[in-house]
């Protein structure tokens, strides 16, 4: 089964820290890279380092080239032995994987610590990786490209009213129970803002919120966007439970949408495309 | 310890029944009336009940009738069911530490929910969404196992055997829950953990309507039990020689309490400690007679869970604390106090 | 009247009782004597109807016990076990009123007459002063008297007592013997008392049934049955048996294990 969905929710519970690379910069660029972070794997391929990736996490699916690569565990269960046996010279780890970092330090293997942060961090990470890999120019090119597209999206929706958006990350099937919604912090929050929306939980400075029915009614979202990704992406297209709350402007005005795809929860090189899709959903008239 | 019964002796059982129903009833009704008035948001009651705006446009009315009222009702019926089930299990197993979770019914319900969450089972059963439906089926599976174990021997059930069977079943279900969770990705695990903390935000009346027939069936079973449970608490033979049909009483008690527990857990998740603490609290006030303990437990359980849910949804609003966390935070220290007092 | 007719019983393959027959006539106290494991408790459970015999039958007042409901049996016959434990904090009056269970309808509450019967039973056993105490806080002897009161409130004309003094010390043993004698005298209560205490039985019972290994060794009037040879046959013990004028009944002094 697909297990890629970890990004948004998994990282929401992790402490946020500034990403840092270990050890003094070596003279040589790494040639054998292992990435435990799917979003970073995609970045590595995007900035021209794909050929050097020798192994990835159990959750990696994109790009297609990773399908043939060895798998070395995930956030909670990295296969340290396997990682060491593959003799990498750079390992991309999560900020929380302290134990793995210690083992790598003992083995004199360089690591890059990835922390999940805001949208700007996606481009910053690409540039930092470009420096490490010696593909700085390519990284700069890709990062600028993304920034350009984001600016273009922002320009398209500029001057329009900013409707309040309830971004639903998951809920129980066939009911409005156990809703996880996007909060006032993180790359998804930034993407909604660029796309010309205002998150209904802007004021809650967390990556996600578990709002009660009452809270949703009180916040009166004008647009509801449900994300479907990973295994749930193949599920039924059932938005009817929202009809139980007819006073919501989004329900009254039939502005309930579903966006399918992992790009919406991966803070990777496709953030610009994802942001544009948000913008097309929130402001369809701007793209006519 | 040498104290007499807290209420004047059974000079008039009728009077004590009236006092019990009246006193606990007032508390429960007050809790149910007050609870919908508070929440994470401020609403105007006058507007909520006003007919000037159509319901579809009346946010205050929707918050009151769609968000708060179903929640309060769910808390009341689940608190009542769990507390009565706990009291019945304590008498049936002749063990004051028994609770609705003791025989593994909640464990089975949790397993059902975990399977539905992890494997994205997305079909409704008689209009009930998949997670509560799977959870209820899980509790029925656990009940079937317990029932077969309990009735395998022709002579009444052995409370020690049943307690040990409960321990084994709970371990077995916990292992299966962990096993299922091993297949879950992070988002699913997160939702599973959230389910295990319990929640009363039923978001409408459908789940309540779905469990009412089951709880009514349990209530009918409970109604036949109180006096027989008094005698059963002295032991199976002691009850039999006083004229109790022990086998029938034990079966009705086991089925009613398990059904009520399974139905409650399926819509709210496992809410701990209500089922064990409330009966003890009630006995301190009304004494040991189950004709008083069962109704008082129902009313006190309803009031307690309604109150805990108010705390859950207002203390850190707009964030919400899982109600199971509140009941355990309130219940565990009280339970420890009771344990110290016993020993 | 209580009658065992040709009662046999076995747990799995192990025979426990073999064709046991005896009668407890109205108003009599009959002792059931035998060593540990002789089948006394099993026989008493069969007499109470909580265990069914493999073959044979038990009759209460000419009615076969297997044809009566639990409730009907309980109205005619009450049981006093060796010990009674209460899981919850019931008062003494609560425990005695539980004896009224078979006399009340499914949802009927105890009324004034039930309360009067319960108080009368408490008075008869000298425990009326304890009525508001918690049962669990009583001494062993007090508990036993309260349970006897409950049995009287339930069915005052016939009691089965299973080793009622086994967990009591000497003083309480004598007090219970006196209480039972007085109840029998005042109320004509019929009793079947199992015990392994020969002197307790001799002080209380007008008739004895001696059993060993599930078979009746001897039965009849106490002073006829309680002999040196029967004591040896039942217990493998050499004893002095004689009438004690001060006690007013036969007494048994064990001397040595017989070979």
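Note that the chains take the letters A, B and C in the order they are written out, and that residue 1 is the start of every chain.
The rule is simple: a residue touches a chain if its C-beta (ideal position, glycine included) is under 8 Å from a C-beta of that chain, and two chains touch if they have at least 3 such contacts.
Computed from a predicted structure; not experimentally measured.
Contact topology of the protein chains: linear, an open path with no closing contact. Taking the CA centroid of chain A as reference, the farthest chain centroid is that of C.
Centre-to-centre separation between chain A and chain B, using Cα means, comes to 40 Å. We define each chain's centre as the mean of its Cα atoms; on that basis chain A and chain C are separated by 79 Å.
Per-chain CA centroids place chain B at a distance of 43 Å from chain C.
In the complex of the two chains, the chain C residues touching chain B come out as 45, 48-50, 70-71, 73-75, 77-79, 81, 84-91, 93-95, 97-99, 101-102, 104, 106, 109-110, 115, 131-134, 137, 154. By the touch criterion given at the top, residues 1-5, 9-10, 13-14, 17, 90-91, 94-96, 224, 227, 230-231, 233-235, 237-238, 240-246, 283, 287-289, 291 of chain B touch chain C in their complex.
Taken in their complex, chain B has these residues touching chain A: 39-41, 55-59, 61-63, 66-68, 71, 120-122, 124, 129-131, 183, 185-188, 190-191, 194-195, 199, 201-204, 206-207, 313, 317-320. Those residues of chain A lying in contact with chain B across their complex are 1-6, 8-10, 13, 59, 75, 169-170, 172-178, 180, 201, 204, 209-215, 217-218, 220, 230-232, 235-236, 244-247, 252.
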